[in-house]
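Consider the two complexes below, in which subunit A is the common component and subunit B and subunit C are the respective partners.
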Partner chain A sequence: MEYDDIEAALLAFLKNDIFDPRVEINADTNLIAAGLDSLSLLRILVFIEDNFSLRIPEVEINEERMCSVKNMAGLIDELWQNT
Partner chain B sequence: MNLYALLKDAGLRYGENPAVIDKDTVVSYRDLDAMVCEVADCLRDFGVLPGQLIGLCFVNSPAYIVITYALWKLEAVVVPIDADFKDAEIREVCSRMQLSAMIHHQRKGEGWHIGKCPKVEVPFYFKPLYPNVRVESGIHMAFVRFTSGTTGARKGVVLSHERIYERICSVNKMLKITAEDRVLWTLPMSHHFVSTIVLYLACGAGIVLAEGIWSRSILETIQRRNVTLLYASPFYYSLLAADSSDMMMPGVRLAISTASGLPAWICKNFYHRYQLPLAQAYGIIEIGLVCINTDRPWEKPDSVGPVLPDYQLGTRNTQAYPDTAGMTCGEVFFRGPGFFNGYFDPWIDEQYALVDGWFETGDIGGLDADGYLYLHARKNHVINTAGMKVFPREVEAELNRHPEVAESCVYGRDNQRLGQIVAARVVLHHKDAEIDSGGLKAFCRQSLATYKVPEKIDFTDHIEKTAATGKIVRPQQGSGKW
Partner chain C sequence: MLAFDCQMRQLGFAGNQAQIVLGLSGRLSDSELESRLNAIRIRFPILAARIKRMVHPWWRFMSPAKQDYPGVRSHEAVDEKELHSIKCDILNRPLNTGSGELVRFDLIHMKEAATEVIMTWSHMLMDVHGAQYLLGIIGKSVPAEDQYTQADLLSGSYTERLPEGAKLPRAKKSFARVDELAAYPPVSLYTCASQTVFSGFDYRVVSFSPEQTEKILTLAEKWSGFLNSSAFYAAAAVGRFYQLLEDRQISSYGCVVPISVDLRKKGTYLPVFTNQAATLLCGFAPELLCEFDAILESFKQQTRAAVREDLIISNTCAMEFARFIPARMYASKIRKAFAGEIASLIFANPGTTPGFLYEFMGHTVKSLNHVPTVVVPPGMGIVFYIFSGRLHITLVYVESLLVPGEAEAFLEAVGDHLMSGLCGAD
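Showing the complex of A and B:
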């Protein structure tokens, strides 16, 4: 899967499954500022595990790596390259 | 007694001590009591009367606490409603419980009065619903937790002011909360309040609302606000345990994990990172916090601990369950003070809800030689996803409303991160129906809180049922620990 596909899949999941439809988000949106809570973050992690067959290590679950869809997609892409 | 009196007393004793800290806003005990009095006056003007059930749908904030105590000051009964609930879920709570009114954090429009929580300047919205309905149970009710479900499920756990007071007295024999404590708060107040926040405020402790969910911001808050006690779900501890900075928690005397089962690896990693044991606690809304593993969390990380001094613990029907890890296992029962007064709808008095005075938890577990409790499985099918309880029948009812769905079976599937995820097997009327799992999820999201929507939907030809009664046989997956 290409980076763009990862980003598109994540964005679709967040729009459809996580955020209220009234919340506008794009790849650069700061997800915490948009209202992401711990339960939603957990569901994103489960989505990544199921759809990208990748478990995000706890050490990578931080603001720098997961604050936006762009950063998450970059992290997934990087972890894929290294496996 | 009235729980508001505890707060008023704390206001007199601890006046300028911080009661609630939310980012840069510090609300002292004196301020908090003044805010409660002002909001109570406002709610009285809106028509709130003693004995009325008032729904409270609000996000974590100082205002949540203020409104709750204001309702108690007016002798009204608080019915917390999950802030994630969709309109259909809120409507069900309102109509089933015949709520006299509803207070919402953002709903506005026709029929809604606007109030404001002073000092923090947070608006709240109030709407009368069934103002003439009063509960005359003979119980001095403070709180009713509506537990979702469908036909046949018990709805509403009733707690009186006196019972809540009993339970906080019992739990504080172990936690020993004082006015010197600052408690970091991460959990939804709509799910956790009466055994925790009421206790902290009665003791003069400060409640520090967590800023964000990342470990760095949590650690900064812990250090900046001199936090002494952590109260969080396993997920927060997993992130804190993996933090790569050199920040420590020098002032923290106790870290408690609750809401769902704590995996031993988190306990171990957290200890290595901070040299601080992580104590697993076991609580249920009907009975309060009854076990905490404060003494030997490092040695027994899988245990929720021994039973607290005021309670008794027993296992029953042990012949029905295999021994596990060298322990005789059975259905876990508790007896003690501060238990719930009954179920609200249909009304079931405590004497009928308990078995000879014992509460049946629905958990299967065993005790080791030292009296430490280990939970292994659930007897019933309530799904625990990251500490949020989901009733399969409620989700099935929603799935079955879809015109293409013939029947469904919802169950908990084990997941390393969430404990369990909500999963479903669905039979369609027509195999070539134009509906996929994404479409069914979108359908469910219209009416169900997000955490109840199945993460996994598999299509199948039939749903297994028992031969005798035709009840759905739900797949059993591992623990589904409380």
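Showing the complex of A and C:
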């Protein structure tokens, strides 16, 4: 899967399932500031596992990696390259 | 009849009360608040609606002329002791939900011209996030608060987006989870004390400095992961609760802790007049309860499994059915599986207070506390929240379960646990 496809899939999931439609979300939006909470983060991690067949290592679940769709997609891409 | 059964049979869902206590820097007069509430109740008649139940529960709206609620009562307190006594009295005064009293305001005037505003509301009207937003609207601190009508703020069920056919299988899944947890049924202090009536609720609050809060949050991230401080808090509370059972030589088959989860779409507090809080039931076998890191690990695993297996939505489906079919079915199911218990300890973490609650009707808000009441059993609950960069913990309990000194010791022990982050070597 290409980086752009990963980013698009993540964005669609966040827009449809996590955030209110009134909230503008793009690849650079700071998700923490936009209201991401622990349950939403867990739902994103499960979505990544199910759709990209990847389990994000605990050490990578941090503010820097999870703060935007761009960073998450970058991490998934990186993990994919290394598998 | 236990309070839980009583509520479930009558309403189909628990309508327990909760409070937000705002400490204002100046004096807010009764007439100022009453006049503001008069305008608010015309905009939102649901604030004084009566819930009716035939087969389906529904709201009956009254004309504004016939609305007596929300009311405002005034009190004077000369010292901290009297203040606490008045607050406990207010906490224990039930809302008359049958006649439309879903929200009530109490103002406590202090000698030094400060005022405490206590909003008491019923969870059948809204959850804590809705209540915060309503306070923001009343306090005129929510931007563009006048643009919302009642229709904008009202919502039906959060399971609306599920197709009808998908609800029953999910509700069954939730009941199956209850059966699983029943292998280690909850033990609460309440049932062990064999009480059928309770004297009233009391509560204690402990607050941490901004530096201590920073340290706790750092430790929470280290041990329970990013954005997951709830797990850290819950593990400390459950561990201390188990210690209390041990101290009293109460044999524990296990602990069941319902964790309140906010199902709102993120980035908004809307809709306001709805309860979007769901319950995630976490069960802990006795062998897991002795070690903080074992509780924490089990909590993390159960939360992940609950998301993967869709157990949170399943729980909401079960509750949804409980509203539309004879409610006693749900109550009897829980009581049968758990041998009379509902849970060991109620846990909630409403998180960081929104920015709009730092001002109320032109006054600076110096302090904010969450004070829930807890269904009986277990009659004991703990809430973690952050206001002004400081972590606060409220422990609410039925008076006869703990003496105030024990409640303070409980909070102190939980606080020590959080500060030291007892999870192996640092």
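To be clear about the criterion, the second predicted complex is superposed on the first by the 83 of 83 C-alpha atoms of A that agree within 3 Å, B and C clash if a C-alpha of one lies under 4 Å from a C-alpha of the other, contacts with A are read in each partner's own complex, and residues count from 1 in each chain.
The working rule: a residue touches a chain if its C-beta (ideal position, glycine included) is under 8 Å from a C-beta of that chain, and two chains touch if they have at least 3 such contacts.
All values derive from a computational prediction rather than experimental measurement.
With subunit A as the common reference for superposition, the partners subunit B and subunit C occupy clashing space.
Applying the stated contact rule after C-alpha superposition, one finds that A:62 touches each of subunit B and subunit C. By the touch criterion defined above, A:18 reaches both subunit B and subunit C. After overlaying the two complexes on the shared chain, residue contacts for A:81 are found with neither subunit B nor subunit C. Once the two complexes are overlaid on the shared chain, A:38 sits against subunit B and subunit C alike. Of the two partner chains placed by superposition, subunit B and subunit C are both touched by A:46. Residues 18, 32, 36-43, 45-46, 58, 61-63 of subunit A contact both subunit B in one complex and subunit C in the other. Every residue of subunit A that touches subunit B in the complex is listed here, in rising order: 16-18, 32, 36-43, 45-47, 49-50, 57-59, 61-63.
On subunit C, the positions that touch subunit A within their shared complex are 225-231, 261-262, 264-268, 270, 303-304, 307-308, 312, 351.
Contacts from subunit A toward subunit C in the complex involve residues 18-23, 32, 34-43, 45-46, 58, 61-63, 66.
Contact residues of subunit B toward subunit A in the complex are 186, 212-217, 233, 235-236, 238-239, 241-244, 386, 388, 415, 417-418, 421, 438, 441-442, 445, 450-451, 453, 455-456.
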